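As written, the chains take the letters A, B, C and D, and residue 1 is the first residue of each chain.
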Amino acid sequence: MSRLNTNRLNIELPGLSLKNPIMPASGCFGFGAEYAEFYNLDLLGAIMIKATTAEARFGNPTPRVAETTAGMLNAIGLQNPGLEGVLTKELPRLSQYDVPIIANVAGAQMEDYVEVARELSQSPTVAALELNISCPNVKQGGIAFGTVPEVAAELTSAVKQVSTKPVYVKLSPNVSDIVEMAKAVEAAGADGLSMINTLLGMRIDLKSRKPILANGAGGLSGPAIKPVAIRMIHQVSQAVSIPIIGMGGVQTVDDVIEMMLAGASAVAIGTANFVDPYICPNIIKELPNKLDELGIDHITDLIGGSWKELCSVR
Amino acid sequence: MQKQAMLKVESQRLVADRIYELILSGEQVKQMVNPGQFVHLKTGSFDDLLLRRPLSICDVDSSTETLKMIYRVEGKGTERLSHKKSGDEIDLLGPLGTGFPVEEAQPGETALLVGGGIGVPPLYYLSKQLISRGVRVIHVLGFQSKKDVFYEEEFKQLGDTYIATVDGTYGTNGFVTDAIARMELQSDIVYSCGPTPMLRALSDLYKGKRAYVSLEERMGCGIGACFACVCHTEDDPTGTSYRKVCTDGPVFKVGEVVI
Amino acid sequence: MSRLNTNRLNIELPGLSLKNPIMPASGCFGFGAEYAEFYNLDLLGAIMIKATTAEARFGNPTPRVAETTAGMLNAIGLQNPGLEGVLTKELPRLSQYDVPIIANVAGAQMEDYVEVARELSQSPTVAALELNISCPNVKQGGIAFGTVPEVAAELTSAVKQVSTKPVYVKLSPNVSDIVEMAKAVEAAGADGLSMINTLLGMRIDLKSRKPILANGAGGLSGPAIKPVAIRMIHQVSQAVSIPIIGMGGVQTVDDVIEMMLAGASAVAIGTANFVDPYICPNIIKELPNKLDELGIDHITDLIGGSWKELCSVR
Amino acid sequence: MQKQAMLKVESQRLVADRIYELILSGEQVKQMVNPGQFVHLKTGSFDDLLLRRPLSICDVDSSTETLKMIYRVEGKGTERLSHKKSGDEIDLLGPLGTGFPVEEAQPGETALLVGGGIGVPPLYYLSKQLISRGVRVIHVLGFQSKKDVFYEEEFKQLGDTYIATVDGTYGTNGFVTDAIARMELQSDIVYSCGPTPMLRALSDLYKGKRAYVSLEERMGCGIGACFACVCHTEDDPTGTSYRKVCTDGPVFKVGEVVI
């Protein structure tokens, strides 16, 4: 019984009816306006918008990005127009699209997260929240929430209490035990996970002798970190029963397949948008052929394929 | 509009110490009508140098659909670019950004174009457009040393051209501001591009005047999505107001943003 | 007062008089025999030999390596001839060279480490020990020692008690707080640190749907991880007062300078030996010119240059 | 002895589906006297594909100092290699490993050379050396399908050559072992290279005989230092004895190592 004639790419996740598993990652797509000039955003599975904090933020001094071998460092510092700006300007503009919006929530203290989560979840344009407990850039917070299981759990349940939409917790890879973190936030009520955020890294300029980023350290993303993402998704997906939106270095349709085989239910693309602004629609276009090549009916047959018994007819 | 395309290398040549002139061709060039805009180039199809490199548009010939850029070999990306040969293809995103406001200069007025080092190239296309608008142009171009000077002849053919070198090995001794003072150059409007200290000096000199500066900043996306390239505005220098160099700029009016 | 005419590359570290700061990293140079066919090992600053365990080990099934973008994964599984083999075969052969040997010590339980450390430290050929508390490959150990500060400290002091030579503790990057780890082993008596070991990663083959490495996960090394190494060395060197032998993705003389500016006192080269067997002597040859270019008298003037006040005349 | 060198691409051509013949030249070739050895190539000077790729020596012409290899495009590295043009340079480490023991075949004896897929190439140089030693050669070459067959003519010129294809579209239908059985091929000594299942079958067939197999394993260093490529020995199949494919092999006597 072949499903070849139906939609082979759709995926249902808590709060999210995805046409396909591909979405831009938070912070790499702004609030969509810029990429809307390149293609129709309706093509996307979902959109993860830039982190929203309670107040508007300018972020870190520049330089904020630096290239590394097969990767980049960023220390944007959560620049965003603040809750009010996102609610009044960004979300109304995004409401024109037929694509689920996942709102990334950040903060320096629990109260901020809770406030932002409560308000954003009430927007009819927001389909789900992504709790950014892992941003390593902001000195006043982030790092602690994402590295101590109890703190992450506490934050998760506080946000769950106020959110009217499903909550995906975005895990930091800068931890000794990612499985412990994942289990803690699952137990605290997370509806899903997204992983991984950036690895903390640094580059130093030989002449000035100073770090290239004005902030010193920054978050490492891009193909360099993909093996770390794959490993963590592989571990975590076997240990929890909530779905994972995978990310970290995805650049090609093969990378998407690899990440889903590792255990991701959908895949977000970050840095690669900067290299090729058309990367998301291009990969979406290539997916059906790739499924044919691999002899797979429906994209969901891939999820966790590296550790599940083969269930689809090959 | 399709902003990304593969362009063909027509030619590449060394024009000064580590400075190359690169000519590309392709339909995409049709869109490149504003001087001061830039393109974002991949230096190869390899993943080790991940990001695109921003380079200014130096000149455009729409009849042949060719685009000229001039760049200095600084690091690995420009080094790799310098090995491209005619016939090779280059992945280009552009034109990007907001260029020099040609329309702010009225026919008959005098425009002073001030460039420093690899900030010189975009002034060339600007100068040509100003001239075709009936604007008189004066060029002041600053370089480190004699070996770094390029395009002097080309600029001379468009209008008065003064060269300054920091070490005094060619032209006026000192910075462009020294040359402007020494030659007592007068103008109605100023356009400039170059290193930050030069732009700061010019901003002081032409505060409140019709003067425009083109900034440089490390970029991620080049299209306004990543917030890598922001700067503060002068009216809110420590607040949350900002401009993006890649889309609001790279050209700003003096006094608009904190340099 | 210029020191231009004296040796500009020598460095004194606990137990180690280095002609220059460059040494091959453990596991990437065997016990030196193979590279001795390429060049005279006396050129090297030091040699970090492959991990020694109490008993001989075959290691993991193959495939044991996989390439990743700008990196590689390995899951060798500490294959080595065991303490006896190293003492009777490898060290006697290495004794012919005029180069300090740093013996890498690994084990599945504290007793193993202690035994191996005691015996190896008594060899006249061994100048210092490197305690591999971080190898992520071996299921029965490693990971725990390297990720729990108390355990790492306990191991360090146990080894210090029996070792007649200085002990460098090799830190794992797969931790939430590298500074905490470093301080714990410093307090326990470590004479120096070496960092970083590999990041835990994975690649999955799309056709077989299985991890490429027979072991599943493996250690990520190479240029991809350099920004993580630089960041950690930058953090740790400011927090401890024992010297650091830096490593992780070094491929060029510029990488060596960057790592020393971050805070390393010497630099080990791992994966790059596989790409270019002559990498170590080549970099050593390039160093003096690079110092000239940067206007630096002596290589030690670089150490921690990214966070120390400039002390050398420029 | 210097083991690393830059070799020049003399030519490259497609000889079957995704299969290329690559000819390099350089002094280094002088050292390549043993068939069954391999070289370790960088596929470019870019850091994204970090590791070298092992390829067997297919033929050597010491008078012109040229080296021939035949490879199939499998992944990114061989893909990148396939774009190399004559005049390009390739960074080569080699010759590496222990090749086929030519001296084990006595003049007048018959050697059976069994190759599968991209295991065929090293047999070509071996066959030439056996012949010049006065050994009679028979070749049995297995491929997936007709479109994958290469070098049939070249082998025929050296001796009897039988082709088997798995799908039966060319030559004998089935595996090389089927062809050997069907043709009742007799020999004094056997040399083979190909996929692991084929080598296993041949090892069973020629257990205790003078038979040699060339193994493949993922490699790091290629020179014996990283322990990536080890295999167990048959006399200690679960213990700590081992052989390294890159130095002790890739050629082993049947029965020496666990395949």
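Here is the rule we use: a residue touches a chain if its C-beta (ideal position, glycine included) is under 8 Å from a C-beta of that chain, and two chains touch if they have at least 3 such contacts.
Heads up on the chains, UniProt names are A, C = Dihydroorotate dehydrogenase; B, D = Dihydroorotate dehydrogenase B (NAD(+)), electron transfer subunit.
Everything numeric here is computed off the predicted structure, so don't read it as measured data.
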{"item": "Pair joined by the larger number of C-beta contacts - C-D, B-C", "value": "C-D"}
{"item": "Interchain centroid distance [CA atoms averaged], chain A/chain B, Å", "value": "36"}
{"item": "Distance from chain C to chain B - Cα centre to Cα centre, in angstrom", "value": "46"}
{"item": "For chain B paired with chain D, centre-to-centre distance based on mean C-alpha positions, whole Å", "value": "55"}
{"item": "Contacts with 2+ other chains: residues of chain A", "value": "68-71, 223"}
{"item": "Junction residues of chain D, two or more chains touched", "value": "47-48"}
{"item": "Chain contact topology (line, ring, star, complete or other)", "value": "complete"}
{"item": "Parts of chain C lying in touch with chain D, wherever the complex brings them together", "value": "27-30, 33-35, 37-38, 50, 56-59, 62-72, 74, 76, 79, 81-82, 222-223, 251, 271, 273-278"}
{"item": "Chain B - residues contacting chain D, complex", "value": "44, 46-48"}
{"item": "In the complex with chain C, residue positions of chain A that touch it", "value": "68-71, 73, 147-148, 174-177, 199-204, 206-207, 209-211, 216-217, 220, 223-228, 230-231, 234, 249, 254, 257-258, 261-262, 294, 305-306, 310"}
{"item": "Residues of chain A that touch chain D when the two form their complex", "value": "69-70, 223"}
{"item": "Touching residues on chain B, where the partner in the complex is chain A", "value": "1, 3-4, 42, 47-52, 93, 217-232, 239-240, 242, 247"}
